[in-house]
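You will see two complexes here that share subunit A, one where it goes with subunit B and one where it goes with subunit C.
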Partner chain A sequence: MNTLTRKIYSWVNDRVQLDNLVEFMGKKYVPLHRHSVWYYFGGVSLFLFIIQVVTGILLLLYYKSGEALAFESIQFIMSKVQFGWLIRSIHSWTANLFILSAMIHMFSVYFGKAYRKPREITWLTGMLMFFLALAFGFSGYLLPWNELAFFATKVGTDIAGIVPIVGKPIMQFLRSGDEVTGATLSRFFGFHVAVFPGIFTVLLGIHLILVQRQGMSEPLGLEDESVAERKKMPFFPNFMLRDLLLWLIVLNLLAILAVFFPWELGRKADPFAPAPAGIKPEWYFLFMFQTLKYIPGKLWFLDGEVFGIMLFGIAGLLWMLIPFWDRKSSRGEQTRFINYIGLFVIMYIMILTIIGWLA
Partner chain B sequence: MNSSEHSAPEHQDRRNFLKWVLTGGVAALAGSILYPIFAYLKPPKQGEVEVTSVSAGKLSDIEKDSGKIVKFGTKPVILIRTANNELRALSATCTHLDCTVQYRKDMGLIWCACHNGKYDLNGRNVSGPPPRPLDEYRVVVQGEEVLISKKV
Partner chain C sequence: MKRGLLVVPILLIALFRFADAAGGDQCFTCHDGLGDKESSGYKHDIHFAKGISCAGCHGGNAASEDMEKAMDKDAGYIGVPKGDEISKACASCHSDSAKMHSYGAAIPTNQWELLKTSVHARLATNGQEQIVQCITCHGVHGIVSVKNPASPVYPLNVVKTCSKCHADAAFMRSYNPSLPVDQVEKYRTSVHGQLNEKGDPKPAVCSSCHGSHNILAASDVKSRVYPVNIPRTCAECHSNPEYMKSYNIRTDQFAQFSRSVHGIELMQKQDVSAPACNSCHGNHGAAPPGVSSVSKVCGTCHALNADLFSASPHKKAFDDEHLPECETCHGNHEIVAATDTLLGTSKDAVCSRCHSQNTSTRGFIVAGIMRGLMDSLSTEERLATALLGEAEQKGMEVSEARFKLRDVHQARLQSRTVVHSINETQFRTTVDKGLTVATAVVAEGQHAIDEYYFRRWGLGIATVIITIVAFSLYLTIRMIERKRRASAVKNYPMK
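And now, the complex of A and B:
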């Protein structure tokens, strides 16, 4: 450190005791074992979130909300603003990669049983952020006000409306009325750029502080090696530099995707045009969409759709609450059962997504 | 707190009273903040003009064996001129999940692209997920003009 930085450091240190923090960082280690590679996906998700914030703010500088302006303003961004096409394409691609990376992160935590005591809160905040990511995706999808987005929003909010008793008010709240209109667009815009980022930032803060305080979890089943034999790596700077290198690779991947596979804008939404052929939701909603197709219209006394929504609702809730019912893992015992559930969920999602994609 | 005078019954009463006043005050405060917020979030009812009948244009502009979407107030209505030269008007909103349907010449059916729902030309749900038939509208030809109105 040169003298100036040293001076600044000691000035701050005198007041807020930075030494404690540096000492803490120096003592943080990342365990090394055959599953260590999965530790990187949390960091990749964080990086992708940062990209979303930056590109999102840039888009916000030109985007105009409203039925008459939204589509045109994106057209303007993509055709007139310098590098506008790149920023928008990166924002759309990153949204998809973020959900993919968060999914990988979630499943690796699941199979490593890292949600077990004492990391229940980390898992819960992570799951809430994942659901928020889906909400980000759903609300952001409408903002260009194109044909596909219009019908996706109609279907998505109509599904919410099917739920008995609370469904209808929720649907009206989401749509800001009975139909998907410019009022819905304004509302989704507010959610997407203010409400969700605010909540997400708080959850992310808790999540990251907990990860730093508690350190990385080691997967169950590595106990056969004695503690002394276990290898580890300092978080700072060794692991962090590896993290940064991967971030650089991800950034390159994003640039390639955004440049060579630019995101389409499609046609402007027309509430009085039929739904276009081949319409599909985004890939991360596809497995649920496909499942709804297989459920018969009437099941016992329930509507097919109501049954489907309740099924996914309950499954999602059980999944989120796993640290509280998987007692065995919390005691440090191995459980095959949990692995089988996880494998089933992955297979189910993958198979139905592929079928939905091909259909 | 431990002194005997504090646990005397009259003090206990006073403490309970204060507890209720405080709890009530906090509840009232929360209510007076939350009520306007929830009321604000509920979109106001727009004074819409009730549409009972619209013109769908000239009969000669509508080809045989074709369908078109007509604005009926805020709702889409599909007007079909069948191959047998009959005119039908049906709600274009799919009864499944709110998508807008279209006339498929090749199938001779009304089709919804979202979930492959199919209706016959009388609006009956014949295949796919739709739970109900499409609502019917009345079609009248006055001179050259095609008029669509609500069924009474």
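And now, the complex of A and C:
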């Protein structure tokens, strides 16, 4: 450390006791085993979220919400603002990669049974953040006010409206009325840039503090080995630098995607135009959308779509509450049943998504 | 003696029976004796000639001399048919091909079915019958063959027959107040009408265009006079060389029209706003537009072109030469889409038909200049379109430039109109407006393509930098880990 850096460190340390943090970081280790690679996806998700925050703020400098201005302002960002095209494309691509990365992170935690005691709250905050990420995607999709976004929002909110009793009020709340209009756009904009980020930041704070406090979870089998036999890596600087290396690669990947596959804007939404043929939601909603197509119109006394939505609702709730019903894992016992459920869910999502994509 | 007495009543009965079965049309015999106008008219009726008795329509026993029996309802007597019963009575034979055949008639038997689908079959104002019955046009008790000059539907009479209702404003108001009632007056001014009045049965009459039994409203797509169908309706006569032989006029108008821009729009693209034959020639008052009125006819749609032409130096020149205005350059039935080749001094240009005689004349020079300007604008527009297409294909956002390109296209269309003014300054102003926008669009298109390559270069440089940083990071990690391993070995040496 050169003199100037040391001086600055001392100045800061005198005021905020950096030594404590450095000492804590120095004692922090990351377990090394054949599944360690999955640990990186938490960091990648965090990095992608940071990119979303930064690019989102930059877009806010030019984006204008409102039926008459939204599309045109994005058009302006794409064609007139210096590097506006890059910021918008990166924001759109990152949104997708963020959900993909968060999904991988979620499944790696699931299969590693990392949700077991004492990390139930970490899992819950993670799941809530994942649902929020989907809500970010859904609300952000409408903001360019283009044809696809308009009809996807219409279909999406229609589906929400099917839920018995609470569905209609939820739909009206989301749309700010009975139809998707400029008022819906303003509402979604508010959710996307203020409400969701606020909640997300709180959840992320809790999630990260818990990860730091509790350290990385180790797979069940590893706990049998003695502490001395277990391999580990210092979090700082080794793991953090590796994280940084991966972030750089992800950043480069994003730049390549933005340049070679710039996010299209399409045509401006026209509420009076017929819906374009083959309208589909974003890929991460596709498996649910496709499932609803396969469910018959009437199942026993229930409407087919209501049944489907309730099914996904219950499945999502059970998935989120797994730390509380998977008692075996909490006791440190191996359970194949949970793995089979996880594999089934992955296969189901992948197959239905592919079918939906090709349909 | 007793036997002889028995014969008398038998003979009397036989006589009565004989009288009852006297045969012949006893209805006609009696009524003719009375001298009523129905029976006197019926003498000339084609049905009378075919041996059809009054009972054929009125029912009853035509063979009975006894009025009571002849007009007995039990014998099928219906009296004077009312409303739709009239047409049904006609149809009882005319829709039965076997019956018609038995009378030696070879006429169609679908008239009643056709009539029921026609506009005339709508409910009359009394709400009880259709508007038109067979007898409305064909008459009654004196019906003759349609080929008979005495028939009300013979070509020379049909106009008068139709106009009985269609020229009656009070009557027509009850059914279609917006329908004109001056068709017959217009018709009399038409070439068709004038020939008809001279006794020529061949020129078109009402039924030639509108049909006879199956007349539909002109707004009905199945109507013979629906805009899209009009050219084929006119062509039935006008494309028949044999039929038109005696009039000494061409018969290729339909073929020419089919190839024209108007014909393609109307008949292929089904655009009813495109002109049909009647748009230029008139319908009921059909006649070829004269030299002096061609521009007025075309000008009903192409108003700006006509106005500019009328104010141009060409107006007087054409008038002096007795040249039809629009037709001289664009033709008549086979008007093809106007292209830039029409303008200029080349062999294909219409200007050179008059102006090529002396290359130093003002007209020749202006034609050349105008063509040059038009070519510049077209070239610039093509370039702009190509550049924007390329930029879009490369994924660049050029919608604003694409929007501006419409102005270039608009300027080119305007210049095609302004060309009719033959005013170089006015033409140049219009073209320059387009050229200015086109140049800006070309610049934007080029900028978008340059930007595309700039992005790729930028990405390449960024990738190199990121790779160097990443590689440095990798080396740093390796160095740190090597140090750590060395330190671990030092602290815990292998035994």
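Here is the rule we use: the second predicted complex is superposed on the first by the 340 of 359 C-alpha atoms of A that agree within 3 Å, B and C clash if a C-alpha of one lies under 4 Å from a C-alpha of the other, contacts with A are read in each partner's own complex, and residues count from 1 in each chain.
What we mean here is this: a residue touches a chain if its C-beta (ideal position, glycine included) is under 8 Å from a C-beta of that chain, and two chains touch if they have at least 3 such contacts.
Remember, predicted model here, so these are calculated numbers, not experimental data.
**Q** Touch check for A:53: first (subunit B), second (subunit C), both, or neither?
**A** It touches nothing on subunit B or subunit C.
**Q** Pick one for A:274: touches subunit B only (first), subunit C only (second), both, or neither.
**A** A:274: touches subunit B, not subunit C.
**Q** Quick check for you: in the superposed arrangement, does A:265 touch first (subunit B), second (subunit C), both or neither?
**A** It touches subunit C, and subunit B stays clear.
**Q** Check whether A:242 is in contact with subunit B, with subunit C, with both or with neither, and answer first, second, both or neither.
**A** second
**Q** With both complexes overlaid on chain A, does A:194 touch subunit B (first), subunit C (second), both or neither?
**A** A:194: touches no partner chain.
**Q** Check the residue A:172 against both partner chains and state whether it touches subunit B (first), subunit C (second), both, or neither.
**A** A:172 contacts subunit B only, not subunit C.
**Q** Intersection of subunit A residues contacting subunit B with those contacting subunit C?
**A** Looking at subunit A, the two contact sets are disjoint.
**Q** For subunit B, which residues are in contact with subunit A within the complex?
**A** 41-43, 46, 69-71, 74, 76, 92, 94, 97-102, 112-116, 129, 131
**Q** Going by the contact rule at the top, pick out the subunit C residues touching subunit A in the complex.
**A** Per the touch definition, subunit C meets subunit A at residues 395-400, 455-456, 458-459, 462-463, 466-467, 469-470, 473-474, 476-477, 480-481, 484.
**Q** Report the residues of subunit A in contact with subunit B in the complex, numbered from low to high.
**A** Per the touch definition, subunit A meets subunit B at residues 151, 154-155, 158-159, 172-173, 176-177, 179, 183, 271-279, 292-293, 297-298, 303-305.
**Q** Once bound in the complex, which stretches of subunit A touch subunit C?
**A** The touching residues are 75, 78-79, 85-86, 234, 237-238, 241-242, 244-245, 248-249, 251-252, 255-256, 259, 261-262, 264-265.
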